[in-house]
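Dropping the structures in below, format is C-alpha cells.
You will see two complexes here that share chain A, one where it goes with chain B and one where it goes with chain C.
After this line comes the complex of A and B, so read on.
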C-alpha cells in the first residue's frame, strides 16, 4: 500500500511551549498505520504529543494533521479518532454504560445505535457485567478499561492511548494488548504511550523515542538499533556446538568489539559493529560444516536497550 | 461534503448534551444548595400559612407587596443569583476542576454546540427549580389568602401576576445564567467577579438611571407586576428611575444572552485542556 498524507498522522515542525516550559520542540513525524509506541521518561513530551494530535492543546508553532484532518476541527477529527487520556476522572453520577451511551449520543447517534455500540465496546474490554454499576464504585483497572471502551466505542480509525495499561492486572494487560493487535490488523493507527518497555516491545510496529521534548529516534525498533551500531555495537548470542572454534574465528574480525563465552559454555556472546559481516561469517562456518548452529539472536535490539542507549537515566524513570 | 449546515445533527447533539448535563445538574452534593435556595420561598410562605392561619393583617394589596418584596429582594437578588452561580459557573469551570471536560472536547461536536447545550441544560435546570419555587410559593400565598378571606384562589390580578413572576423568574435564569456561564470560562477563580456582580446588582438602587441600566436586576424589576416602595433609611439614598418597558427589557435580556453565548463560544474554541495549570 502506498502511504499518503491522508493515511498518516503528520507533525510538521511542531513545537509546543507552556509559557516558558518546553512541551515538545521541532517535531517532524509521519506516522503510518499500525501500532506506534511513544517511549520516553516522564516529562519527555509523550502526552503533549498525544494532546497535540487530538487538539486538546494547540501547537505554538508548526502544523499537525491526522489522516488529513487538522485537530482544530474536532467535529471531523473525532469521527475517525478516539483518545484514551491519562486523566482518571469521569463525569459525575454515571454508570459505565451511561458514560459510553451518553457520549455516543453526543456524537449524534440514535438511541438504538448508541446502545449497540456501547455494548460492543463494553464486550471488547470485558466490562459487560459491570456496565450498570456507577463508575465511582469501579476499581482503578475497571476505570482504565471503561476509558478504553469509551475511546473505541465509535470504532475509530485512529486510536490514541496514553498509558493504557496502567492499573490493569496481568490478564487484562494481555487481553488489552491483544485488542490493540486486532485493531492494528484491522488497519487502525494505534498510538500508545507506555513506560512498560517489554510490553511495548511485544506490541509495537514502530516506536518514537522522546527525550526532553525532542524526538531522538523513530521507526521500527530494529532499524533504529541498526543506526546505532557504531556507537553501540550489537550484541549477538550464538548457540552452537563449538563456541570456542567460533570465538577463535570471530577474534580475527576487525568489526568485533568483544567476545564472551556464555556461562553454560554452549553459546557465544559477540559484540559487533557490523552485524551483517558477522552473520556472513557464521553462515560460512555452517556451510563449511565446522559448527552446528542452534540459534542466532541479537540480545540488545529491543526497545529497552535502545532506550537505555539513547536516553539512559537522563530523564529519570521511564 | 455539501455546503448545507448540519442543523439536524447539531440539534441532536445539543439534546444529548442537555440530557447528560441535566443529570449532572440534578445529582450530587453540589445540587443541594440550589434545591434549598429554590425551596426557601416555599418554606417561608408555607411557614407563614401554618403559623398565622387566621392572618388578621392579610389583604390582597398588602400581601401582593409582601410577595413582591420577597420575590425582588430574596428570590431574584439572592436565590436565583446564587443558584445561577452554582449551576452556570460550574458548567465549564466545574468540569475543569473535576478534570472531565476533555470528554466533550474529544467528541465530534462543534464547541459552539457544546456551549449552547450546556447553557440550555443550566437554563432548564434553574427555570424548573426556581420556576417551581415561585409557582408553589405564590400558590401557597394565594391559597392562604383565599382561605382567610373566603375568596377564590386567584382573586383579582393574581393569575396574571403569577404569570409575570414566572416569566421574570425565567428571564432571571436566562440573564444571570449567561453572565455566570461566561465568567466560568474567563476567570480561573470566578467567585471574585461573582461577588463584584452581586455588589453591583445590590447597589443599583442607589445609582443614577443610566448606570442602573447596566445591570440585570433593573430590567427584571421593571417586569415585576408589583413595585415595592422603598421605606426607611435606604429610601433617602435610593434614586428612582422609570421602569424599562417590557418590549425593551425582554429583547434586551435575550440580546445580552445571545451576545454572551457568542463570547463564550469564541472563548471555548480557543480553550486548551491543561488541568495541571489549574
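After this line comes the complex of A and C, so read on.
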C-alpha cells in the first residue's frame, strides 16, 4: 500500500487518541472509488475515521491521504471533498438556497456560479421546490437532504457522509441511495457510515467494519464472509424437490457442519465450511437428474451476519 | 467491486480571493440580527449622540445661532480632544451594550449544534471562521464608533479649515485607534465567552460580569490596599487610561498607559487562547 495512489483514500498505520480515549488505532486502509460503508457500533471510530479523511482531526500517528492530497491542505482537499456531518447543524434562519449559496461562496465561487451550483445540487436531492423556504421549517428528511446537497454542491470527487440515511422516509431513502449509485458510477468515492445494515448491503461496493477503534474487516462483504468460513460456516438454503436425498448426500461430506430440513419439506438449510465443494455437489446432483433445484442462496453472507459474527451484540471485536 | 469510470466534472472555474471569504459569514448574520426590532431600535438610537455632537459642532459656525445666543458660544463647548473623548466614552458604552446583545449568539449556537464541521470542511480555517464571526461584530461596532467619529472630525475640519485639521490630526488617530482597541477587546471577549460557555444567555451575563464584577473587585483591592493595582483588572479603567493617552487628557485612574496596554494585550491573548482551544471541528471526549 502506498500513499501516492491518486485515486484512493489511503490510511497508513493511522491512530487517533483524544487524550486517553482511543478514537481509532493502527488503521491501514486503501479505499477505491465506489460506495464504501463504515459499519460499527456507537463509539467504534466511524466518525473519527471520517474526520481524519476530511482533516477535521489530525492523526496522532500515521498518515492519511485523499486522492494523493494530505488532509492538512484544506485549500486543495476541500476542492475535491464534500462532508456531510451527522449533526443537524444549520444557520436556521437561512433558506435552503441561501444555505447552499453561502457555503459555495465560502468555497470561493463567484455569485453566478454559486447560484447555478446551488440549484444543481438542489435538483439532485429533489429540493428545488423547497429552496426558498427556511431550513427551520424543514422536516427531518428535508434537512438530511439539504445537508447532502451542501456536501455535493461543489461537485466533489470524494463524498464523506455521516449517517446520511437517518430520518429519511422509505421513498427518500430509495432516492438517496440511487443518487449515491449515480455518484459512484461517475467515479466518485462515496464514504457512508450507517447503522442500517440491510441498506448497507443494498448500497455498498465494500464495507469497513469497525469495533472499539479497530478495523475488524474490510472489503467486499462476500469476500470478507469467505474468509470466515472456518470459524463461522456459511449457511446455504437450497430449495429443491427432494431435500431428503440431498440431505443424505450432504451428510457424507466432511465440510458440512449441520443440515436442517425446512418445515415445508421443500428446503434444506446446510451449514458448510467449504461452500465451493457444496455447490459442486449440488451441481453434480442436478446434472445426474436426481434433484430439481429451485434456488440456492446463502442466508448469512450479508453485512448483518458478518457484523454479528465479528462484532456481536455487545460491540466487542471478535 | 464494480468498475467505475471517472466522469464527474468538478468545479474548475474562477475563485474569489481567499482573503475575502471570511466576509461570507457576516452576510446572513446581519440579516438574522436585524430581524430583531429591538436591535434595530437600539442601533438607530446609537446615532442620536453623534447627531447631537454634529449639532454642537455646527452650531458655533452658524451666524444666526451666534447672533441669537452669544459670540462666546464657541468657548462654551470647545471642540478638542476632551470633546471627542466624551463622544468616545458615550459611544463606547453603547458599543459594549450592542456587543453584549450580539456576541453571545455568534459562536455558542454553532458549538452547541456541532456546526463547526460544516464550516471547517471547506477551504476555510478556524482563524477565518473566528475572523468571519468577529467581522459581524466589528462592522456593527465600527458603524457606531469610529465611522461617525471620523465624520464628526471631518465636519469640524471642514468648518474650521485646513490649519485646524493638521493641528488636530492626532484626534482623528485617537478616534480611529481608540475605537479599534475597544472593538477588538469587545469582539475577542464576546467571542471567547460565547465559545467557552456555549450558552447564549450565560455568555451575555458573563460579559457583564467580566466588566462589572472585575471592576468592583478591582475597586475593592484599591480601597483596602491603598493602591492603584486593582485597576489593572478593571477593563473600563484600562481602556480609559489608553483613551486618555490618545486624546491627551489626564486619566482618572492611577495606572500608567503602558501598564494598561500590557494588560489589554494580555487579556486579548487569553481570549485568543480560549478561542483556539474551543473553536474546533470536533468534541474532545473524555472518559
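We adopt the following convention: the second predicted complex is superposed on the first by the 310 of 318 C-alpha atoms of A that agree within 3 Å, B and C clash if a C-alpha of one lies under 4 Å from a C-alpha of the other, contacts with A are read in each partner's own complex, and residues count from 1 in each chain.
Throughout what follows, a contact is a pair of C-beta atoms (placed from the backbone, for glycine too) under 8 Å apart; a residue touches a chain by one contact, two chains touch by 3 or more.
Computed from a prediction, not measured in an experiment: that's the story for all the values here.
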Combined model on chain A: chain C and chain B, fit or clash: clash
Greater residue coverage of chain A in the superposed arrangement, chain B or chain C: C
Partner chain in contact with A:188 - chain B first, chain C second, else both or neither: second
Contacts of A:58 with chain B and chain C, given as first, second, both or neither: first
Chain B versus chain C as contact partner of A:262, first or second or both or neither: neither
Touched partner set for A:33, first chain B, second chain C, both or neither: second
Which superposed partner A:206 touches (first chain B, second chain C, both, neither): second
Contacts of A:277 with chain B and chain C, given as first, second, both or neither: neither
Contacts of A:220 with chain B and chain C, given as first, second, both or neither: second
Which of chain B and chain C A:140 touches, first, second, both or neither: neither
Overlap of the chain B and chain C footprints on chain A, listed as residue numbers: 18, 51, 54, 56-57, 74-75, 77-79, 82-83, 85, 87, 89-91, 93-94, 98, 102-103, 105-108, 150
Complex interface listing, chain B residues touching chain A: 9, 12-13, 16-17, 19-20, 23-24, 27-28, 95, 98-100, 102-111, 272-275, 277
Touch list for chain A against partner chain C, complex: 7, 18-21, 32-34, 51, 54, 56-57, 74-75, 77-83, 85, 87-91, 93-94, 98, 102-103, 105-110, 113, 117, 150, 154-157, 183-188, 205-206, 220
Footprint of chain A on chain C - complex, ascending: 1-2, 4-11, 13-16, 18, 21, 24-25, 27-28, 31-32, 35, 110, 113-125, 281-282, 284-287
Contact footprint of chain B on chain A as seen in their complex: 18, 51, 54-58, 74-79, 82-83, 85, 87, 89-94, 98, 102-103, 105-108, 150
